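Since the structure comes first, as structure tokens, the remarks are kept for the end.
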């Protein structure tokens, strides 16, 4: 019966990584709550970095700032 | 006041089917709870089959296994 | 595979009404998309009227205004 | 710790508008609940107008009716 | 940046099990996507069995049927 | 048309604070996207601190650690 929603930014998540998240989240429900995998849904929602805000700004801008700071530090 | 989220895999849902789900879900709220359609939202979220896990694997892989098994059974 | 979330205000939804919403939403997925009921989840989330905003105010206050207006109209 | 999901129809929301919603929603959490912006997520989900139902019909159709009615009124 | 929602029925989930789900889901994001735990939210939503539908009926009723069938089989 | 979900931990959010979040979030949609308040829903979900994970542990435990550290620093 578990339903698991995994929201992450759409920064190049591969098919294998999605399979690993689906298998890992399902296994977690089996191990912790003894749930039936056949009655477990995992939904992965990839969100554009313009559409995800953290610290009051879009992740797109946040990444640009981080990159500029690292560039300046070199 | 009802908000209804319908998540399905993005396996070719047509415009008419979306209208039917919107009308059907709204009617259900009217019949069961006497809710005002003008204050009822229905949101349909179509999820890529790589991004939906069922039974510990992505639906993409699950569909391939089902197709292979049917092929072998013919 | 469908996952359906139905959010409504917690204004006395009965057990029978919940069964009717679950059955109705599941039947809708069968009729429109030919989905398997055994792989269909319906989750009903009852939200306190203090916690649901509509028109910029909590439904609790909105209901009080509506009741006062009806009282005045008698 | 706040997580805020903002679902709107995908009717041309610009990058600046997204930044304004992210900043505004984060500021709201600071002002009202004194929350840490660095521990506040805002996710904006843009939904196709075919996939958003209001009043029992898709917003696409609703907009067309509104436009036709305005056209007739001129 | 990950936000993970885990919805399960409210059938006696213990505090330790919640900690195990939180730790397990966070570790999964570290291992698969190299995400920062300090920027990872996990929210567990426990849903009353009257409010969770599976196979077109509430889990409460489904559990009663399963118990009756097991009782008859003894 | 906007639907806004605000999830926060259930650490004593008052009725006035809920009204302020509902009014603030609705105003934000008016200012940024010119949306109609009468077609804007805001839902506030208060989550138990045992059920919210941040940094791989439940907020309940995280708060206890923070309190212990502050106590030791005095």
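Order as written gives the chain letters A, B, C, D, E and F; numbering starts at 1 within each chain.
Please note the rule applied: a contact is a pair of C-beta atoms (placed from the backbone, for glycine too) under 8 Å apart; a residue touches a chain by one contact, two chains touch by 3 or more.
If you're wondering where the values come from, they're calculated on a predicted model, not measured in any experiment.
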item: Chains touching both chain B and chain C, listed by label; value: A, F
item: Reference chain D; chain at largest CA-centroid distance; value: E
item: A-E against B-D, pair bridged by the larger set of C-beta contacts; value: A-E
item: Chain of greatest Cα-centre distance to chain B; value: F
item: Turn needed to bring chain C onto chain F - CA fit, degrees, nearest 5; value: 120
item: Where chain B and chain F are represented by their mean Cα positions, the distance between them in whole Å; value: 29
item: Whole-Å separation of chain centres (CA-atom averages), chain A against chain F; value: 21
item: Sequence positions of chain C contacting 2 or more other chains; value: 1, 3, 7, 21, 25, 41, 43, 52, 54
item: Graph class of chain-chain contacts, one of line, ring, star, complete, other; value: other
item: Interchain contacts, given as pairs of chains that touch; value: A-B, A-C, A-D, A-E, B-C, B-D, B-F, C-E, C-F, D-E, D-F, E-F
item: Chain E - residues contacting chain D, complex; value: 1, 3, 41, 43
item: Chain F partner contacts - residues on chain E that touch it in the complex; value: 15, 18-19, 21-23, 25-27, 37-38, 40-46
item: Residues of chain D touching chain B in the complex; value: 7, 47, 50-58, 61
item: In the complex, chain F residues that touch chain D; value: 1-9, 13, 17, 20-21, 24-25, 28-29, 31-33, 35, 39, 52, 54, 59
